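Reading through the structure tokens given below for one structure.
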Amino acid sequence: MAFDAEPFVNPMSISEVKLPSWPGGARVGVSVTFDLDADAATVGDARDAGRPPDHQLSRLSASSFGVRRGLSRVLDLLEQSEVRGTFYVPGLTMQLYPEAVQAIAAAGHEVALHGFWHQRMDRLSLAAQREDLMTGLAAHEACIGRPKGFRAPGWELTTRTLQLLSEFGLEYDSSLMGDDRPYRVGVQGAELLELPVHWTLDDWPFLGFNGESGQLADPRLPLGIWLAECDAAAHESRHVTYTMHPEVIGRGFCMGALGDLLAGLRERGAAFVTHGELAEMLHEDV
Amino acid sequence: MAFDAEPFVNPMSISEVKLPSWPGGARVGVSVTFDLDADAATVGDARDAGRPPDHQLSRLSASSFGVRRGLSRVLDLLEQSEVRGTFYVPGLTMQLYPEAVQAIAAAGHEVALHGFWHQRMDRLSLAAQREDLMTGLAAHEACIGRPKGFRAPGWELTTRTLQLLSEFGLEYDSSLMGDDRPYRVGVQGAELLELPVHWTLDDWPFLGFNGESGQLADPRLPLGIWLAECDAAAHESRHVTYTMHPEVIGRGFCMGALGDLLAGLRERGAAFVTHGELAEMLHEDV
Amino acid sequence: MAFDAEPFVNPMSISEVKLPSWPGGARVGVSVTFDLDADAATVGDARDAGRPPDHQLSRLSASSFGVRRGLSRVLDLLEQSEVRGTFYVPGLTMQLYPEAVQAIAAAGHEVALHGFWHQRMDRLSLAAQREDLMTGLAAHEACIGRPKGFRAPGWELTTRTLQLLSEFGLEYDSSLMGDDRPYRVGVQGAELLELPVHWTLDDWPFLGFNGESGQLADPRLPLGIWLAECDAAAHESRHVTYTMHPEVIGRGFCMGALGDLLAGLRERGAAFVTHGELAEMLHEDV
Amino acid sequence: MAFDAEPFVNPMSISEVKLPSWPGGARVGVSVTFDLDADAATVGDARDAGRPPDHQLSRLSASSFGVRRGLSRVLDLLEQSEVRGTFYVPGLTMQLYPEAVQAIAAAGHEVALHGFWHQRMDRLSLAAQREDLMTGLAAHEACIGRPKGFRAPGWELTTRTLQLLSEFGLEYDSSLMGDDRPYRVGVQGAELLELPVHWTLDDWPFLGFNGESGQLADPRLPLGIWLAECDAAAHESRHVTYTMHPEVIGRGFCMGALGDLLAGLRERGAAFVTHGELAEMLHEDV
């Protein structure tokens, strides 16, 4: 029996990185990240679907809640908890709410790139990907300066995206799920540090609902999962990235769960690091 | 790197309103609202989809349960709890069940506009939106008089909807999600008071199922969320709008959760106000 | 402002029926019903979708589990619990497994019509509806005799279905959701006794999953809801119809919940009646 | 009334097999199986949908997590628990990660066929099914030798699949759901031992989410169901097959549930057998 299947080659090569010693002798490192999508969430979906972006005002308003109300709650809690986070911000959001983004940076948090229009990279042509990333970077530079890292909207991207990130000099990506700790991902002509994410470490799949799809659970459901993941990570001295959306976790009844998450991580002796700090620690170790 | 993205302009301008002192020195104001969709829920979906509205009798009957059986339970509970609510009623429902709607008004509750056919405003032409709102208003006038406020079916609307509401002299809308307290929303040529809603403060996404989509949870799941939101609101002296559907919450096994919600809000010292009363309080403060 | 909306007329007229005194002075009457879809569930879906009915063998086998394994567990439990149920059986299932259906009848349970192919009535032409019902009735007559009642596959039907049921002399239907107690439903040229159902009183929306859609919960979730509905019904001396699927509730880990349901209903003093007995009690009261 | 429905014939004939006495006098036999899909999960879906398989890198990376990280956790736990499992491996996965698969076999576990491309058999032509199975078998032979059994990707297959399995000399299949214990399934020209599965005994429907569909629950939800099924099986001295995916159950926060499952099965006195051992025991009994 001949073996004649056409070949499939995974375009990504992955190499492990040595994890750093966590500050203060902590057993586990954690990064608390926020996707400040705001209006761009609805605008990006509309552009992907070929709909006018300003036609569904309720959905648009639900997106803008994140920056209008959820953000200040999140920033207050982070300050009280003495935690600095990483905020992934689409260029459009930065253009619409520059002062809000500048306040994030002024409070000591990292701000990183989340595209311009919050469109799915795998649905764009190479030229459109390039333009989206370039306008996103320009918006960042005009507002608070050049970001170190990138996260793909909808956590999906292509080989070309990684090549463009490398071409534009970004140091890390945070969109892939190939491991549960930082690793290096290579594609033809590019290598980047990957700070991986996962759906189970995100608020949206548990608590998000847009009228058509989604799941609505008690916030204590994901809270239990998130703390259990920290416990698992502590046994391996590894790192965990959590992803929150201010329009989801920033609702009044959800903020308690975010507070309990930060307190629970603190109790477990976790070291809080931003993605930029983590990237720097990992580069130093090379 | 030039910044050459085509501009996106959010058509809504939002301005905060000063919240009133709640009656009796209460820490938080709450409005308990009901969407009395009845037959119109199925008829509107069928019209949106181009199906005959009287072809799926089981679905149609499930909608009519709200006015036939759920409504009286809700009205009895509201009377026992000494709570007055706001009922959003499609014109069609009013036309089919005029006495039921008159009984709502006679019991001291507010009745407000929910379109005529319960169609999604964002799926109608401007002319069709205008006709739907005009026939809805005419149905209200013929039955119990002109309403003060409006809620969009499916909680979705367009700039034109807001302009039409302003043209027709409505004082407030309750369909958007841009904040978790009342605000003023402006679009070109119109400004309205917005009494915002949210999917997590609605019974449908937790407890509704129509044979094709939906989620079925224990009613205590949303009950916990709804009371937690009241607690969060009390810390900020703000307001919360709850939305219930008599065909959902009016099932026998669900009514206990609605009773517990009203009792829990009372225990928390909440002031119950209808949307019309809230609009008046907010206008006085201007 | 002229009122010029085109009229919508709900084709169903509904009239309440006086509920009987329950046997033994019970506070509440309950009917435990089973849809013995078996192969017909997959065959009907395939016919609706224009797929060959024997192409997805895993799905077909999962359907047949109901009659091969789930049914005997259900029958054993009913015997131990001294409860007689109503089994809605598609003609095709009866044709494929005549002895299984005869054993149901021999154990004292009622067997009623569930179409022939388990296709959705609202997706069939009038001629196809007529043929499906006629072949279904012929299968029943050939196997165990003419049924008294009917339940529509997928709980959906049209005006024509009700007219056909009346033409064929069936006494009751159990597919609609217009109330939570028996009622009479009339359409042009037909009137039937309706023994209504609801998605929340069915095992499938809580516990069913077919690889593409569905929800999987702990069986205690619907159990709590089902018993709460009995409590609510007892306060109103009314009736509740429960619907189970042997391929769902008949799994080993689910049977405990069905046993707890029957025991819980018994503890609450419920009178168990088949749908046929209920129809007879209600006719006597006219 | 003539009975004129066109005939439907279920192409599967099923015959019960006598279950063996479990080793050590155990009351119940259990098989813990793993589908090591890895990259093939994304590649197969992409081929089914006509998308390039290397375009959605995040989804591809999430699939590869199973072999990169989840697998070693699973293997460690199995070793500590002294449990040998059955791993269903697509040919592509074996081709991409031969050493990982060889390590599974070296640890004493069974490795069985899961197609080559992880495509749905019911979506392939007969020629494509044949080619997929042949290349899958060739990959197994080149890596660790000929497998005894087969599981269909997505647990779906056709009559032709069973005929091909028989033609290729495979002894058992583990894809159908016609009973909750082993049985023999026959189609025209073929008979196989079936070791049946079920969605409720799989980690994916409870814990899997791919950004578009899925459900996310606390791992203790399926754990409770899985142990309850073991209890039910023990009362009938039968067998249960559990199915896990290293990319799902292998996440840090999930491994505790898998550990609790194995410990709970051990406490219940279950005998752990691989699918190959079970097949051999059942053949001996014939």
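Letters A, B, C and D name the chains as they come in the text, with residue numbers starting at 1 for each one.
The definition used in the following text is that a residue touches a chain if its C-beta (ideal position, glycine included) is under 8 Å from a C-beta of that chain, and two chains touch if they have at least 3 such contacts.
In this text, all values refer to a predicted model and were calculated from it rather than measured experimentally.
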Chains in simultaneous contact with chain A and chain C: B, D
Set of chains whose contacts include both chain D and chain B: A, C
Farthest chain relative to chain C (centres taken as mean CA coordinates): A
Same or different residue numbers at the chain B/chain C copy interface, by half rule: different
Rotation angle superposing chain C onto its copy chain D by C-alpha atoms, nearest 5 degrees: 90
Centroid distance [mean C-alpha coordinates] between chain B and chain A, Å: 34
Residue list for chain C, restricted to those that touch at least two other chains: 215, 217
Category of the chain touch graph - line, ring, star, complete, other: ring
Every chain pair in contact, whichever chains are involved: A-B, A-D, B-C, C-D
Of all residues in chain C, those that touch chain B in their complex: 1-5, 8-12, 14, 122, 152, 154-159, 161-162, 175-180, 185, 196, 198-200, 205-206, 215, 217, 221-222, 224-225, 228-229, 231-233, 236
Residues of chain C defined as touching chain D within the complex: 39, 43, 53-62, 64-65, 68-69, 91-92, 95-96, 116-117, 131, 134-135, 137-139, 141-142, 207, 209-211, 214-218, 251-253, 255-256
